[in-house]
Amino acid sequence: MIEFRGVSKRFGDDVAVDDFSLVIPPRQVTVLVGSSGSGKTTLLRMINRMVDPTSGVVEIDGVDVQTVAPVALRRGIGYVMQSSGLLPHRRVVDNISTVPRLTGVPREKARARALELMDVVGLDRALAQRFPIELSGGQQQRVGVARALAVDPNILLMDEPFGAVDPIVRSDLQQEVLRIQRETETTIVFVTHDIDEAFLLGDQVVILAQGGRIVQKGTPEEILAHPADDFVASFVGSDRGKRRLTVSTRTGQGDDRVLVDAGGYPVGVIEAPGGKLAIGDASPKARSISNKTD
Amino acid sequence: MTWLWNNLGLILGLTADHARLSGIPILVGFAASIPLGWFASRSRVARAILLTGFGILYTIPSLALFVVLPVILGTKILDETNVVVALTIYAIAMMLRGTIDAFGSVSGDVLESARAQGFSSVSRFWTVQFPLAGPVLLANLRVVSVSTVSLLSVAALIGSGGLGYLFTNGYQQYFLDEIVIGIVFTVLLALVFDTVLVIVGRILMPWNRPKVVRTSALRTPQRDWVGA
Amino acid sequence: MSPLDGIENFLRSLVASFLNALEFFLKAFAFIFDPTNWAGDAGIGARLLAHLGITVLSILIAIVLAVPLGLLIGHTGRGRSAVIAITGAARALPTFGVLILFVLIGINFGAGLSLTPVIAVLAVLAVPPLLAGAYSGVEAVDRETVDSARAIGMTEWQILTRVELPLALPLLIGGLRSATLQVIATATIAAYVAQGGLGRYLIEGIQLRDYTRAVVGAILVAALALIVDGVLAVVQKLVAPRGVSRGATRTTSSTGMTARRPTRSPDATRTPVTEG
């Protein structure tokens, strides 16, 4: 579990974060979402001490991160950034095994593990000997995720990792993240400015305004159904009609109904086999909810 | 210091010669590198030939060039032309790389929009590329200027005029003061040239304010951050 | 005199100069290729060795002084403006004058004909290009790569040696090239105050009015400079780290974000991704 208590950060006269408090539950995906200047990246980077708060406390499992040496801390936390941050002069397999090698894992063992991780993130092992520059953006991001997972971390930090890839690749990568989280039950803290991505990935979504001010936090369903104020409503688009759906009176396929948004554009189909509406899962992401307590 | 006052006439005369013999290469070198640099920025072949050719010439040590040029040009070794030509070659060589990069770096978008507005190739050069490349060219020119002033003193070895005479004479007479004076005046001359260039630059390019380039948030964990 | 005569005279003098130049060069090459001129204390061989020796020694000293400092400046980002100011000021000093000065001071202190002052000047001369090569090499490394290396838990030393240094090598070697060139050129001039080095041919040739000798010196020195520079250029290509394309270093916009390379064609496959 990660906890922020009364955290503030100033850079000179610039207040990036002001009195921020949040509990990030373990084994879930928490998404920090907001526009530029909302301090979300700064907050993320406080977890692995890339940034130290001006005041306030950041704790991981009850331990103040200030009491832990930065290098040791970072070697146990996975970190994925937007530009993948791979070492360009090292091959894929060496990139993935960077941190295990730093901690003294023998080379052959580290490489074997790296190859396994390539399977986990959905990369063909044939790419292992390539250099990052020879890979596409999506592939580089996968390598970045594999590298982050190489330390078997309890915590995975992801800073707008899919911002620079195109939508089809991004969608693939988002699904990979969900799958990996399901399998490894890692605590993921994810930063994005894309509300749709936040709703897709987040168990807990935290909407931030300037200075790290929490405007609303909760599950995607809660936020979408009950936006706290106009800012949130505007941010999630519920005032723009995209999210307000009605059933079209023009018939669809047989008994199925067609949903249209406020602009009249068809956005989906409700299945109604035999004239009865199909009921979906309460949690659309269908993740396994752990029975373990904190 | 009495020596200084006693020989002020000589020293000032040498300084004037030095200014002339280094000033010409600087100006001619600059003027020549503009068209050469422009051609080279547009044509791969021209670029390869020019850069390689001048690269080789630049690699040749100055004394060697001072000696060989009279032979090739057919002038007498004491003829000033040798030194001026040699220094001009060095000046072009030093400026060329920077000039090519400067013209090449003027953003493609800007040029395209100028072309779309109907600027011809030549007028595009004078109205867009040259002004935008100006600051870089000026910076290069300042470096070339200082280097040329310094390089000229070597020519004293072949008997050329200029402040280098104070070094050879000072060495033969075993007279430290003279050498120090020589160094001081050479530096002063370089400073004067540099100041002139800066002033000319300010006049011709009033839009050019020195930019303070700030780095991103990623430098060190605690670095001051200018928010994006 | 008719214009034709004028042109004819011009062409004649042109041909005459050409033949004259040719004569000097041919004599100079004959000298160079005559084995007897290579032997002995004042032969080409000895002077070449002296020239190389003094160059290598000065460069090594300069490397020890400049490279660690430059790497540090590049890594921490501090001290850059001070260094630039100092090297800018130093460039204004006439090398020839400083050389003579140091030698005379050396003689004052009883150094006699020792080469120490010369080596000192050469080493100091070589420092700025090496320094610049080192810190600009490190600075050219993508800041995001460095940040990511730090974020995954590398110590500062590990970042410097495993990330920044390998990626900085091409620019570092570039600084080495520049420094070596300056030292070779100045060592040539140093023959005025020293008894060794290929520059002696030039100095002797000038003083004795023996232009063949002088051209010999010019050819030898030019050849040395070109060969050494060529070798270093090859080294520079060889140390370029694999997997890093030329110029694939940082391009920052005003926001400080790295300009991202555009991705290749979208991968829509669900199975292990092989092509982009």
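When the chains are written out, they are named A, B and C in that same order, and each has its own residue count from 1.
Methods note: a residue touches a chain if its C-beta (ideal position, glycine included) is under 8 Å from a C-beta of that chain, and two chains touch if they have at least 3 such contacts.
Treat the numbers as computed from the prediction; the structure is a model and nothing was measured.
Highest inter-chain contact count (C-beta pairs) belongs to B-C. Centroid distances from chain B, each centroid being the mean of CA atoms, peak for A.
Distance from the chain B centre to the chain C centre is 18 Å, each centre being the mean of its Cα atoms.
Between the CA-based centres of chain A and chain B the separation comes to 54 Å, rounded to the whole angstrom. As a whole-number value, the distance joining the C-alpha centres of chain A and chain C reads 50 Å.
In chain C, the residues that touch at least two other chains are 144, 147, 150, 258. Counting only residues that touch two or more partner chains, chain A has 45, 50.
Among the residues of chain B, those in touch with two or more other chains are 221, 226, 228.
The touching residues of chain C, counted against chain B in their complex, run 13-14, 16-17, 20-21, 24-25, 76-77, 91-98, 100-101, 103-105, 107-108, 143-144, 146-147, 150, 181, 184-185, 188-189, 192-193, 199, 202-203, 205-206, 211, 214-215, 217-219, 221-222, 225-226, 229, 252, 255-258.
Across the interface of their complex, chain A is touched by residues 142, 144-145, 147-155, 158, 163, 166-167, 241-245, 248, 258, 260-268, 270-276 of chain C.
Note for the complex: chain B touches chain C at residues 56, 59-65, 67-68, 71-74, 77, 143, 146-147, 149-150, 153-154, 156-159, 163-164, 166-168, 170-171, 174, 176, 179-180, 182-183, 186-187, 190-191, 214-221, 226, 228. Contacts from chain A toward chain C in the complex involve residues 45, 48, 50, 71-76, 79, 81-91, 98-99, 102, 119, 122-127, 131-139, 142, 147-148, 164-169, 172.
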